[in-house]
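What follows is a single structure, and I will ask about it in a moment.
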Amino acid sequence: MKKVLFATTALIATASVAAADVRISGYGRFGLDYNDANDSNVNGISKTTITSRLRLQFDMSAESDSGVGFDARFRIQAESRDNVVGAVRQANGARFGVTYEGFRLNVGNIIGAVENTPGTYLETRTAGTGIDGAGFVSHVGNVSNEYFNWDAYSSGGGGVNGVEALYSAGGFTGHISYSKRNNSTVNPGVGNGSPNAAARAAIMLAYNFGDFNVAGSYQDSDNMWEKKYILTGSYDGGNWGVRLAYADNEGIGKVGLYGNYDIGAASNILVWVTNEDAVSAADVANGRGDNRDAIAGSNQGEGTSYGIHYSYDLGGGASFETGYRRASNDNDTFQAGVYFSF
Amino acid sequence: MKKVLFATTALIATASVAAADVRISGYGRFGLDYNDANDSNVNGISKTTITSRLRLQFDMSAESDSGVGFDARFRIQAESRDNVVGAVRQANGARFGVTYEGFRLNVGNIIGAVENTPGTYLETRTAGTGIDGAGFVSHVGNVSNEYFNWDAYSSGGGGVNGVEALYSAGGFTGHISYSKRNNSTVNPGVGNGSPNAAARAAIMLAYNFGDFNVAGSYQDSDNMWEKKYILTGSYDGGNWGVRLAYADNEGIGKVGLYGNYDIGAASNILVWVTNEDAVSAADVANGRGDNRDAIAGSNQGEGTSYGIHYSYDLGGGASFETGYRRASNDNDTFQAGVYFSF
Amino acid sequence: MKKVLFATTALIATASVAAADVRISGYGRFGLDYNDANDSNVNGISKTTITSRLRLQFDMSAESDSGVGFDARFRIQAESRDNVVGAVRQANGARFGVTYEGFRLNVGNIIGAVENTPGTYLETRTAGTGIDGAGFVSHVGNVSNEYFNWDAYSSGGGGVNGVEALYSAGGFTGHISYSKRNNSTVNPGVGNGSPNAAARAAIMLAYNFGDFNVAGSYQDSDNMWEKKYILTGSYDGGNWGVRLAYADNEGIGKVGLYGNYDIGAASNILVWVTNEDAVSAADVANGRGDNRDAIAGSNQGEGTSYGIHYSYDLGGGASFETGYRRASNDNDTFQAGVYFSF
């Protein structure tokens, strides 16, 4: 058995200008998930199960003589949730990029402008509550039974096969993205992920000035209920931070307030609360999921959700992570485990 | 094309205490398999086919400041048996571990306490006879038509998603493991590998004193025919070794005797014989496989099986491996090929 | 994130004689594909789509004390064509090799003697026209609706699980290959890629004398329409080259003429034209695809096909590639994109 990877900074520094290389990185996280929506006698799943993910990421790059960079990425990951080992453990769809100074063009399994909005995910290693994100109820773009209905990098699937451009200069970042699915109603055998021909276009703008960050994004879509805009603002006070986010998800507003605080040298505690509007009667009549009748175990739900997360840095890239959250449909989850990156 | 791996010992030695890294290792083995249970005109498979496996293993690790280690492993492998290339060539389920001094806790795709019993597999590179193990008839836990009915690391699938603890100190090793499947009779769509809700718990104890090794293990299970215990003892005489193993597989006893001898500097020859009890009439009435009527090509069979294996070390991590075995149902296999590790 | 790969030549030079190692290499290519056979309103696919591939290749090797080499290879790749992300992104079937001086024996996912014939693929990075090969209409072995009906290395699937031997000495290369499928008419559940039991045997001979190269190959097969021979000859004039190829594909002759020319230090332009015979009336009566009625979007077609390809070297392993081709069935494709290797 041979050791492939070791301390890296020096190696990157000495790489020649026109070098082509592969980098391997990733993380492992594993722990226990208590979810009161599970019951061995009802849905066959124990209330407490193992939740885990091992991710291995390959980043390839090359740089032309004129300083234009080319890169590509894919991942392989193995997961377990609800005591079921994920069936897909092959590489995801690839993302390809061209970079020049502050500009980046990506094609394939794109990031997505809405997904990339600063201030939407939690300031935790899992970007959500607990050890696997606990359904990311804390995200203001997730409402009703329409979770993650925007273009985003897919870690296990093929992705949306789109195109996007990003530009950064000083404290400014701009991002536009576009994807177009094949028309599988004309040719049912050919599609990528969606039953209908649909295009999504999105834009995101973010600005950092000192300790303040503001960001806004908008997605237009041919699919129902996918038009949305998101606004966020955050303040970084050094050993504490506070953040506010709001989204209008084609008529369903959701607002979130988030705060985190360092305790000593190694600990951080984070709390959050969100409030989601009801689905309008017109939308319900038009077939939209009615989240006034909360379904246990689902993520949907009008009203208030909240959570708390605690992290302890173990050193060497490892940390202990634990979190509890209550969704507005009264679904409780509590998770604790270990996260390490490499 | 770039070279990733080279001599390793030095690199491991210089790795800092709290480093996180990825190691890549694996092996290739390929050769010819003669199996008299195959026949082009009967089952469509030639008697002699290519048998092969290429395994690539990724081991990730990190170490906290306090010396607690975290690690994870998965594999990708491509196989061919009976002239059929294996359809699954994605990563297997991940195993995650926490280590501290002689203690290890694993979750996910666990090793399994019974699987880890010293003195159960052959002292060959393939752990069985020939170049692909030839069905592992030599293992005393494999009886009737119940082969590998214990928790074990799965190289191609998701594994049992269990939990286990191991402790080693001096010549002693202790190992307990536990896995619990989802109740797929309650929720048919959700399960992991087994049609019924079932838990397996196992324990293994091993002790080495000088040239002698003894080990014992026991598995309790909610599934039929899976309760078993195994006892083994071996003596290492330097350039020769002898080993005895016995298992009670929920009423079917199987005993094995194994001996190997070094010939010169590079060769080793190994011989083995096992004897398996008949299935009791009560068990047959209760639906257990009746191995008194041996089926050609299957592994099952009351009575005596035996085999011989020869290995020649070619240097540089490569060796020539060949072996013949006759199962108690008169199934003959003869294999020869090359095995190299990296 | 750590850097795995860096400048390689030195490392290979210093590898010890009996070292075992893993090498990682590959390429990314992505661009736009205009194909007039697509139409959103007819087959659901836009005329212009993203075409892409990210390939990661693992090459393992070991060398015995006596200088015999052992190696193995597999790949993982993610592709997109016609706006569909490829569903198979796991490792392909493995190829295993034994080498000694100018001799090589391979088993598994073999190269194939016909596939390995010099002078059959275009002198471009994609071995065809444009950024993804555009169907490889330029290959004289591809006729009627029988494309790639010879043993060849499979990058995404299991391959033919065959055996082959290659020998090189001076300017001479000889190559024989053989594969045998299981008889899936006897045992429908067991096969590898083909509905009938079929064996393919092939031979290839090539010779280089100075700036001239000649090669010939022949495949015999149990499958219909797979018997073929190919003859090629080429001249390398330094900054220009010309090549002629002819194949008899079980009665369908196809001839190709190819020329390429360097423009300045970084550019190359390549043009090609092929002419394919009609399917004979006897063969049509016997069920062979009748390519006189060209089907838009298919590759088949009696008559003349032609193409032009332009490449510009960007340095650092990256290049810009673009190409247009018209198949004999009047199908036009035009592609442009970027290709980089690592």
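First chain written, first letter: the chains are A, B and C, and each begins at residue 1.
Convention: contacts are C-beta pairs under 8 Å (C-beta built on N, C-alpha and C of every residue); 3 or more make two chains touch, one makes a residue touch a chain.
Keep in mind that what you see is a predicted model, and the values were worked out from it rather than measured.
Look at the contact of chain B with chain C and you find different residues on each copy: under half of the numbers used there are shared.
To overlay chain A on chain B by their CA atoms, one rotates by 120 degrees, a value rounded to a multiple of 5.
Centre-to-centre, using mean CA coordinates, chain B is 39 Å away from chain C.
Taken residue by residue, chain C touches two or more other chains at 2, 4-7, 21-22, 24, 76, 90, 342, whereas all remaining positions touch fewer. Taken in their complex, chain A has these residues touching chain B: 1-7, 21-22, 24, 26, 28, 30, 40-46, 50, 52-54, 56, 76-78, 80, 82-90, 314-318, 338, 340-342. Remark: chain B residues 2, 4-8, 11-12, 14-25, 57-66, 68, 70-72, 74, 76, 90-94, 96, 98, 107-109, 158-159, 161, 163, 180-187, 190-192, 197, 342 touch chain A in the complex.
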